[in-house]
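Beneath this line is the structure, given in structure tokens, with notes to follow.
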Amino acid sequence: MTTIHDGFAATRRLILKGAGAITLTGLGVISFNMAPVFAAANDKYPEEAFKQKSAADAIKSLYGRTAEASDKVKLDAPEIAENGAVVPISVSTTLTEVTSIAFLASENPNALAAVYRIPPGTMPNVANRLKMAKTCDVVVIVEAGGKLYSATKEVKVTVGGCGG
Amino acid sequence: MASTIRVRAISSGEITEVQVLIQHPMDSGFVKDAKGEIIPPHFIQRLTFEYDGRNVFVADWGTAVSKDPYVKFSFRGGNKGDDLKISWADNKGETDATTAKIQ
Amino acid sequence: MTPTVAADALDPVADAKAFRNYFVAKFPHVKPEDFVNGPYSMNEDMRRQWEEKEQFPPYEFSLDMGKEMFAKAFNNGKSYADCFPNQGIGIRQNYPYFDAKEGKVITLELALNRCREANGEPPFSYVGDEMAALTAYMAYTSRGKPFDIKIPDDPRALEAYQNGKRYFYTRRGQLNFSCATCHVQNPGERMRAEILAPAFGILNAMPIYRSEWGGMGTISRRLTTCNSQIRGVPLEPQAEEYRDLEYYLSYVSNGLPISGPGSRP
Amino acid sequence: MNMTQPTVRISILSLALALMSATSAPAASSKTDFNIAYAAAEAAHKEAGRLRNQWTVTAEALANAKRAADKGDFDGAVASAKEAEALAKASIFQATSEKEAWKNLEIR
């Protein structure tokens, strides 16, 4: 995209480790298909992950494996969205070596909403505003030290955000 | 025309907090217009923040990011008066960029 | 309308006091000046979402557009500043006012379009983005200034006030709602997803950026939409009824600060 | 937005419904039947307009009546026109009764 030296060298190493883990756990077709997307993710827009319908498929496409819930991931989202078109959602974590953070809304037409790359020196805190089609779980994935951690919260939506 | 990008980058000495608001429809492709025709998807895919020759934050977005999108993050370093370069590109190949001074 | 209002012992000062007392008593935990923040003054969860959005409010673009438009000269070299006291800066709290010459209520939206027409420019739609942006900017320059609506000693002004009050309390539409049904009797309650705003201070936040609209909307847009929501056919924007309604509602919110442009779900 | 599920407790005019049920159209209506029914509905809707109190649902029912008539469905057209008339009359009743009734809601 640019000729700038990016700050993702460390991330790349973790990715390679991650890719190895996938082959070991034997996710079969998906791992062949998805691992390269993941490895290239620092340079390339993860088109396939954004096309997946379900949160699980999007996470698989993006990272090639599943996440474990962690109370070190703090997800801040409203109980009831004032309007599904604009739902302020933020995340922070005490985990170290965070390399990326992803936001998903389980019942959206495509679950994956946003992925943020966190190079070394950038804090693992992100706030953004997302659309939600209806009441569902917001899932946030924090990639840290090559592992995936998640937090989930249900947000009630009475006016859907698909009109946005 | 004025930039589509509004930035607030404030340094507290050790940490620079960055907030950005971008004027963009972020059409999802799931919405119909008044005539009942689908409004084709039109959304920012990548938003990049560059400081001191390196990326400090990269956002990859799908259609579920709200209209006139907003994001906030912070990074270590950054001095008052330094440049922060922000650029975006959408699925139609449109782009915009701006350079903001850290305050 | 026959001007027989005097016999009814019209007392806007007493009205305004009763109006304020009603809301203060109904919501003892809400600071009076906080009513201008509408539903956010009465619901914690929504207030947090709002405060988060206010860090970088979505109406910034509209506000900037209004500022640019306001500064830009008309084709004849004049500008909006030439039409208003104090060049139009910090005057929002004085609108609407009663114009003695015309014998009618003049709202800010009306005054802006008259300014355009007087300078050879076509008027803007009262429910469109341009008018919303212009009034947003003007409100912004008045933020914090208390509403200061005057009812001059003129029976026509009192009549306009009374007509506005009647409009406010009159049930209409198939749902048989008056403005007061929602915004006096039930503020803070949910109407589907929305939390109804209190009438006290409701215009102080105008114009408003609504997430539902995905943009900024004028007072005219808000009033006409309210009417159609209760299944009434809206009157034409800036109809005399709406102008009088705005006069009444602004008057009874005298003393509360201008907070516009606001944002709402 | 529709307001079908308000937590707000308000009584809704039942008059329109009562009027509607009293006017079931006979089978096989003609174009003339439609014209008469439509004219009556339109007149009532105009009167509501003079009182500055038209209802959106009346306008919708009138449009439905026209659409049905254009398709040659005069039974449907007459039914919609009668519905429109009932709604328009209810809106006139509302405007008339509110001339005084609004004061009951006023904060004093």
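Per-chain residue numbering starts at 1, and chain names A, B, C and D are given in the order in which the chains are listed.
The definition used in the following text is that a contact is a pair of C-beta atoms (placed from the backbone, for glycine too) under 8 Å apart; a residue touches a chain by one contact, two chains touch by 3 or more.
No experiment lies behind these values; they were computed from the predicted model shown.
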(request) Have a look at C-D versus B-C and report the one with more C-beta pairs in contact. (result) C-D
(request) Report, in whole Å, the distance between the mean C-alpha point of chain C and the mean C-alpha point of chain D. (result) 31
(message) As a quick test, compute the distance in whole Å between the mean CA positions of chain A and chain C.
(response) 43
(request) Give, as an integer number of Å, the spacing between the C-alpha centres of chain D and chain A. (result) 53
(request) Among the residues of chain D, pick out those that touch two or more other chains and give their numbers. (result) none
(request) Would you pick out the residues of chain A that each touch at least 2 other chains? (result) 85-87, 90, 127, 129, 163-164
(message) Going by the contact rule already set, what residues in chain C reach two or more other chains?
(response) 53, 58, 192, 194, 212, 214
(message) For this structure, enumerate the chain pairs that meet the touch criterion.
(response) A-B, A-C, B-C, C-D
(message) Can you tell me which positions in chain C touch chain B when the two form their complex?
(response) 53, 55-56, 58, 60-61, 64, 68, 214
(message) Residue numbers of chain C touching chain D in their complex, please.
(response) 15, 18-19, 22, 165-166, 169-178, 180-182, 184-186, 189-192, 194, 196, 212, 228-233, 235, 241
(request) Would you mind writing out the residues of chain B in touch with chain C in their complex? (result) 2, 6, 8, 19-21, 23, 67-68, 70, 72
(request) Sort out for me which residues of chain A touch chain C in the complex. (result) 78-83, 85-88, 90, 127, 129, 157-159, 163-164
(request) Under the touch definition given earlier, write down the residues of chain C that touch chain A in their complex. (result) 45-46, 48-50, 52-53, 58, 192-195, 211-212, 214, 265
